[in-house]
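Should a chain be cited, it is by its letter among A, B, C, D, E and F, assigned in written order, with residues numbered from 1 in that chain.
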Amino acid sequence: MADPTKEESTAAQETAAAQDPTAQQNAQVLALLHRLFGESTFTDVEEPYGLLTVTTKREHIHNIIAGLQQDTELKFHFLTTMCGINYPENLNQELGMIYHLHSLVHNVRLRIKIFFPLADPVVPTLTDLYATANWMEREAYDFFGIIFMGHPNLRRILNVEDMDYHPMRRQYPLEDGTREDKTDLFFGR
Amino acid sequence: MAVNDALAGTHKIIQEAQEQQGGQLVPTLNDFSQELTTLNLGPTHPATHGIFQNILQMDGERIISGVPTIGYIHRAFEKIAERRPFYQITPLTDRMNYCSSPINNMGWHMTVEKLLGVQVPKRAQYMRVIMMELARIADHLICNSILGVDTGAFTGFLYVFQEREKIYEIYEEVCGSRLTTNMGRVGGMERDFSPVAIEKLRKWLKEFPAVMKEFESMFNRNRIFMDRVVNVGPITAEKALNYGFTGPNLRAAGVDYDVRVMNPYSSYEDFEFDIPVGTNGDTYDRFLVRNEEIWQSLRIINQALDRLPDGPFHADAPHYYLPPKQAVYKNMEALIYHFKIIMGEIEAPVGEVYHSVEGGNGELGFYLISDGGRTPYRLHFRRPCFIYYQAYSEMVVGTSLSDAIVILSSMNVIAGELDA
Amino acid sequence: MESLSNRAKKLEKKPMTLAERAYLPAIFQGLSITMQHFFRAATKKQITVRYPEETRPFSPVFRGLHVLKRDEAGRERCTACGLCAVACPAEAITMVAGERKKGEQNLYREEKYAVSYEINMLRCIFCGLCEEACPKAAIYLQADKMAPPRYERDEFIYGKDRLVEPVSPDNRSKRGIQLTPEQADKLRTQMQSA
Amino acid sequence: MSLFLFLSFVALLSALGVVLAKNPVHSVLFLILTFFTLSAHYLLLNAQFLAAVNIIVYAGAIMVLFLFVIMFLNLNEETEPQKPMLAKVAATVSGGLLLLVMVAALRGVEPTGYNAATFDSQIGMVDRLGMVLFKEYSLPFELASILLLAAMVGSVMLGKRETGERNF
Amino acid sequence: MVDTRVPEIKSVPAPEGIEGAGFFATSLEKVVGIARANSLWPLPFATSCCGIEFMATMGAHYDISRFGSERPSFSPRQADLLMVMGTIAKKMAPIVKQVYEQMAEPRWVLAMGACACSGGIFDSYSVLQGIDRIIPVDVYIPGCPPRPEQVLDGLMRVQDLAKNESIRRRNSPEYQALLASYNIK
Amino acid sequence: MSLESLGWQGLVILVVFGISLLIATYCTYAERVIAAFLQDRVGPDRAGPFGIVQPLADAVKLFTKEEFFPSGANKALFIFGPCLAMITALMSSAVIPFGNFLKFGETVVHLQGIEINVGMLYVFGIVSLGVYGIMIGGWASNNKFSLLGAIRAASQNISYELAMGLALIAVLMMSGSLSLRDITLQQSVPGEWHFWNVVKQPLGFIIFIVCAFAETNRTPFDLPECETELVGGYHTEYSSMKMGLYLFAEYVNVFVASAVMSVIYFGGFNFPFQYELRSWLSSSQGLSIDAAQNIIAILGVVAVFAKIFAFIFFFMWVRWTLPRFRYDQLMRLGWTILIPLAIFNILLTGGLITTGIIPEIKQWW
C-alpha cells in the first residue's frame, strides 16, 4: 500500500500533467486496462513522475501481466524489472511486489504493485510468461522471502544457501556485526 | 481466482519447453560417449573474469547443460542504500558496473534530480553526456578486447587498454579518480571541465580513431577470430526480449531499443547518432555492435564538445547542491545549507521514481522510493547484467567449452553489476 | 521486430571472401600491425612509465592521501565538527573533539579542535566526500600522495601524527588554500624563531 | 652381445609387465617400452628404417590412441568386471596352445649368425626396402593398402554421427 | 612527484615468525630470496573493480612484467603471490581459503583495495570484513581501487619480504602456528 | 672413427645439449621481451640489467618451490610426465646439423650430435613420443582440466604429425635421402646459392610451419594449455620445477622445430656465396683450404643459428598476434585442409620430378 502522504505530491503534479502527452498516454492505457480487466481490479491509480502506477491484488497479477503481454494493442511485452518491498507498518500488507512493464512499441511504461501479508507471502510466478522473471523472483525470494508458486527453481540466488533470514526485510540490520575497526556510532548514524 | 488455479500449467509449459530442447540436445543412448563429465567452470576460472560459477555437464567437449551460480560478490547494495543519504549512494553506484562508473553515477544523479524536481543546466547536461559516452567507450573497449583475450589474442587488449588509460586520465582530470569516479553531484557536476581536461579530451578524440581502426582490422575480418565467433551463441530477438535483454546484446539480436533514443535524458535528443543493430544476435554481432557503438559514441562526444554551451555547470538549487567553499566561510546561509546537505537533511518529497539510462550493458534502471527521510526507503537497481545473464545457461547448450567462454565474455557480464 | 526508433543502422555481416577464407591476408595484416608496434617500441619513446624511477603526472584534482591542513599561521584548521565523519560512506573517520585551552591559540584555529582524529585508510574509499563536507577547508585529499601499502593492519589507522600537515611550509600540500609567498616567508621566520 | 642380452631382458620384463600390471595405463606404458626395446633390436639388426617406423607408427601414434581411449574410459580395478572361471581357464588353454604352436614352428630355425661374406651393410636401408616392397612384394603391398583403406572407410562410417549434430 | 613510498619504514621489518636464531639469511638464501622476489607469479583473484585496475597494472603504461610478474598463474599450484582484488563476499570466502591452501610454498598474499583489506564501504551482512579473517595477509594496499602505482608499490613490498625471508621460514614453528591460527592444514 | 674424433664428437654432443638448454632458457626471456615490445611494453627490466637474469630467477624460484602431489594422483607417473616431456624434447636436437665439419689436420669434427641416415625419421619418432609426456602428466594429475588438455594434446599432435610427415615426403622425394646432413648439403650446389628447399617447396613449407606450431602447442594451436579455457591445461596441477620442465620442454621444442625448419627448408648452415667466399679466402687471402673451410663452417654455424633465431622470433611474433582456434576447427584444419594440401603437394612434386622440371639431385659432394 502506498504511503498516505503521497497524495500531496500527486495532486501537485496533476495540473502539470494535464497538458503532458505522457499523461494522455497514461490515461489511454488506464482506460484499456479497465476495459480488459475490469475497473474493480485496480485500486490506487497514480502517476508519480509520469509513470502510470496501479495497485492490484495478487490473485489478478498473473492474469493481468499475461493479458498485457498478449494484448496486440498495448504490446506490453517487456518486463523491465520487478522487486519486492517491505512496509512493516502496514498491517497485513507488509510485503509487496512491484512490477515494471514496458511497451517498447508505444514506449509506455506501467508499474503494477501488489501487496500481501507477511504471514502468507505467496505470489504466482511469472516464469511461464517471461524467462527473465526467473532470477528476479529468486532475488525477491532471497531478499524478502516471497514465495513464488510454480517457480521451477526457487532457491536463494545471491546469498549463501544456508542463510536463515531474508536480509532485505526492514527488521534485519545491514551491518555485518563482526567488524572491529569501526566503533563510532555517533554523528547521527 | 485462486492463486493455485492461476498457476496450473505453469510448470507444464516450462517442462515441455525443456523436453523439447532436451529431445534434440541430449545424446541418444547408442551414442558412444554417453558418460558425462561435470566441469566446474569458476568461480576462480580465468575466463569468468568477475566471479561466478557455471557447472557444466559435458559430453566430451560439448556442453549438455550449464547451471550458473551467482552471488559470489553479493554486497547488498540495496540494503546499504537504505541506510545512506542520497549523496552517499553515488560511491555505491560507482562499484556496480565498474567498467563504466560515470554512467551509473549520472543515472543515479538524474534519478534523484527527477525526484527533487531539479532542472540541470544545459552545460552540465552536455558535460554529463561527454562523460557518459566516454564511459561507454571504455566499457565496450574492455568487453571487446577481453573477447580477444579469451580467444587467445592478448595483444589487442593491451593496445586498446592504452586508450582506456587515456580515458582514465580524462576522468582523473574531471573528477579526481580513475575508476570509481564518484563523478558529478545532484544538480550538476562537482566542477567545471578544466582546460587541461578539454585539451586532453580533444587530443584523445584525435588519436583514438586510428587505434580503434587498428583494433578492428586485427579482428573484424580475421578468419580465425570469425570462426570462433560467427554463429556462436546466437539468440533470437523474441527470446532476447523475453529474457529481458537490453543494450548491445539486445541490439545484436536486431532490436533497436536504446534508452537514449526512446526516453532521452540529459539532452540526448540534441545529438545525432545511429543505433547499430545486428542480425542474429551471435557473438560476432555483439562484437560488431559494440565496436560500432564506440564510433557512435565518438560522434556524440564530438558533437557535444563542439556545441558545449556556456553557463553554469550545476543547477541553482542551494537546497541540494553544496555551496562553494568560499561562501561557506563567509555566508551564514550557505553554511546552514552546507550542514543540512551533508547531514542529509534535504527536503526530499515523498514519492517513487523510476529512471533508466543506457548503461554499458543496457537499460540501467533506478527505482527509488522515498518516504521523505534522509535515505531512500527502498532503492532497487535494474541491473542489466543480472537480468540477461540468466540466458547464458540456455545459450551454451550444445556448444563447446571454448564457445561457452567466448559467449560469456561477449555478454560482458560485470560481476559487480550482476551480484549487486 | 519493427523498428522502434527509426535510427537503426543495420550492421552487415559479409560472408568471408576466398582470400579471407585462406586465413593468410588477415594473419599478415595482424603480423604487420604487431610488427609496427614492435619497431615503435624499439625505436621511439616507450609509453611505459618505469615506476618507481619515473612517475606519471597526476591531475591537480586527484584524490590521494588525506591531509589535515594548517592555516597561514600554522594552526590546525580542523574544528572537529564531525561533518566529514558523517559524510564518509565507509565510516572510516573517527574523531574526539576537545576544547581549546588557554595558550593553545597558536596551535588551533578554532575554539574546538580534534583531540584525536583517525582515518582508517583500509576502509577509506577515497571518494572525496569528506573534503567536500569540510566547512573549514581543513581536510583535503592530496593530489600528489597516495596511501602506501604496508605490512600490518594496525599501521593503517592514520592518526593526527600522520595526517596533520607538516609545519615546514615547503612540505605543504598543494591542495586547499594556498599561501601567498609573503605569508610563507612570514611563517617560515615565525617557525625559525620559535 | 651384452647389449642384445640386456635389451632382450628389458623386452621380456616389460612384456610381462604389460600382462601383469593392474593399472591399464601402466600396461600401455609397458607396451610402449616393449616397442622401444624391439626397435632397439631392429637397430642391432641394422634395420634403421624399420626401427624408426616402428617407433613413429606404433609407439608414437597407435599407442597414443590406446592410451587416449584408456584414459577416456578411466578404467581401474573397481570397474573391471569379474570374469567367470570358465573364461579364465579357456584363456589359459588357448594361450598355452599358442605358445606350443610358436615353439613348434620355430623349433627348426637355425640362427644364421654373422657371415662376413654375405653381410651387406645396406640391407636394412630405406632404398633396399623400397625396392623389395615395390618390386617383389608389390601385390601383397597393394592388397594391404586396400585393406587399410577399407578399414579407414569403415571407421569413418562408424565414427560419423547422425546428421544435424555438431561433431566435436 | 612527491615520494609516495613508505617513509616510516626504513628497513623492512621481519614479519612475524622469521626473527630469531638460525634465521639469518645466508648468501645462498639471499640468492634464492632475490630470485623469488624477481619471479613472483601472481594469481589474480580479481572479483571486482580492483581487477580492472590490475588490468591497468598489466597494461602498457605500468607493465607489471618489469617486476617479472607478468605471467598470471590461474592455477594456484604455480602461483607465488595470491593477489586478492575486490570484495570477498561470505559466499566467496571458502573459495579464497581453498585457493590459498592449494598454493605451494612459498606463498604470499597481497590484499588489494579497501574491500579485500577490510570490507571497505560494504559493511553489510554479506561481505567478509577483510580477508585476513580467513587467510594470513602479507601486504595490504589501501585505496578503492588503488592506483597501479600503489599496486606496484605493494608488489615491491612483497618483493622485499621475499628477499629477506629465510628459506626455512616456511618450516618454522612460528609459521606453522600462524597457519594453525587460521585453521589451515 | 678415431678415438680422438670420438672425443671431439662427444664434445659436440655436449655443446649441442648445452646450447639447446641455454637457448630454451633464454627463450623464456626472449618471449617476455618480444611480447612486451609487440605490446608496447618494456618487459622485465629489474632483474639485472635489462632483466637479463630473469630466466635464472625463474629457475631458482621454481627449484625452491614446494613439491606438490595432488590427492588421488598417480605419483610415479606424475613425476614421469614432465621428465619424459623434457627428455624427448632434448633428444631430438641430437641429429640436427648445426654446421659442416671442422678439420684440424687429420681430425674431422662434424658439427652435429650424431649423423644417422634416417635422421628425419628419428626426429619424427622423437617428436611423436613427446606427446606422452603431456598425456601422462595430464592424466596423472587427476584433474578434469588437465585430462581435457591431455586429450586435446594427444589428438592434436597425432593429427598434425600426419600432415607434417606428408609435407616432408615431398622434400624427401626430391632429396632421395632421409639424412638431415644430406638434405642440407643438397641445398647448396656450388654457384647456385638460392637452391633452398623453400623455393622449391613453398606449399610444403607453409604446411610444415603450421604443423610445427601445432606440434609445439603454440598459439594459435595452444589448446592443450590454453589459459582462458583450461586454466593451465595439462600442467594445471604441477608446481615447482616439474612445471618448469613442461614450460622448458615447450621452448626446447620450439628451438628444435625452428632448427628443423631452417635445416630442411632454409638450407641449414648454408649461406649465400659461401663457395665464392671460400675460394676467395683460400686464393687471395692465402689461407689453406682447411682453414678456409673451417671459417666457412663457423660462419655456417652462425648462419644456422641466425635462421633458428629468426624462426623462434616468428613463433613468438605469431603467438602474440593471433587468436587461437577452437578444438573442432583445429581438427578440421588439420584433416580437411592440410592433409589434402600435403597430398596434392606430393602429387605435384612427383609430377614435376617425372616431367623433369625439378632436376634430379645428384650427389655432388
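We take it that contacts are C-beta pairs under 8 Å (C-beta built on N, C-alpha and C of every residue); 3 or more make two chains touch, one makes a residue touch a chain.
Everything numeric here is computed off the predicted structure, so don't read it as measured data.
Visitor: Looking at the contacts, which chains touch chain A and chain C alike?
Guide: Of all the chains present, those in contact with both chain A and chain C are B, E.
Visitor: Based on CA centres, what chain would you say lies at the far end from chain A?
Guide: Using the mean of the C-alpha atoms as each chain's centre, the farthest one from chain A is D.
Visitor: Counting C-beta pairs in contact, which chain pair has more, D-F or E-F?
Guide: E-F
Visitor: Distance between chain D and chain E based on Cα centroids, please, to the nearest Å.
Guide: Averaging C-alpha atoms per chain gives centres 54 Å apart.
Visitor: Can you compute the centre-to-centre distance for chain A and chain D, using the mean CA position of each chain? Integer Å is fine.
Guide: That pair's centroid distance is 73 Å.
Visitor: In whole angstrom, how far does the Cα centroid of chain A sit from the Cα centroid of chain E?
Guide: 45
Visitor: Between chain A and chain B, what is the separation of their C-alpha centroids in Å?
Guide: 23
Visitor: If you look at chain F, which of its residues touch at least two other chains?
Guide: Within chain F, the residues that touch at least two other chains are 36, 38-42, 45, 227, 231, 320-322, 327-328.
Visitor: Residue numbers in chain C touching 2 or more other chains?
Guide: Answer for chain C, listing residues that touch two or more other chains: 4, 27, 30, 33-34, 37, 47-48, 50, 58, 86, 89, 91, 120, 122-123, 125-127.
Visitor: For chain A, jot down the residues that touch at least 2 other chains.
Guide: 104, 107, 158-160, 167, 174, 181-182, 188, in rising order.
Visitor: Can you check the complex and tell me which residues of chain E touch chain B?
Guide: So the residues of chain E in touch with chain B come to 45-49, 51-53, 55-56, 58-61, 72, 74, 86-89, 91-92, 95, 99, 121-127, 144-145, 147.
Visitor: For chain B, which residues count as touching chain F in their complex?
Guide: Listed in rising order, the residues are 37, 39-40, 45-47, 61, 148-155, 158-159, 162, 218-219, 222, 224-225, 227-228, 400-403, 405.
Visitor: Spell out the residues on chain C that touch chain F in their complex, using ranges where they run on.
Guide: Checking each residue of chain C against chain F gives 27, 30-31, 33-35, 37-38, 40-42, 46-48, 50.
Visitor: If we count contacts the way the header does, which residues on chain A are in touch with chain B in the complex?
Guide: For chain A paired with chain B, touching residues are 3, 5-6, 8-9, 48-49, 51, 53, 58-60, 62-63, 77-81, 83, 85, 98, 100, 104, 107, 109, 111, 122-125, 127-128, 130-132, 134-136, 139, 143, 149-150, 152, 156-160, 167-168, 170, 174, 188.
Visitor: Can you list the residues on chain F that touch chain E in the complex?
Guide: Listed in rising order, the residues are 32, 36, 39-47, 51, 53-54, 56-62, 64-68, 227, 231-232, 235-240, 243.
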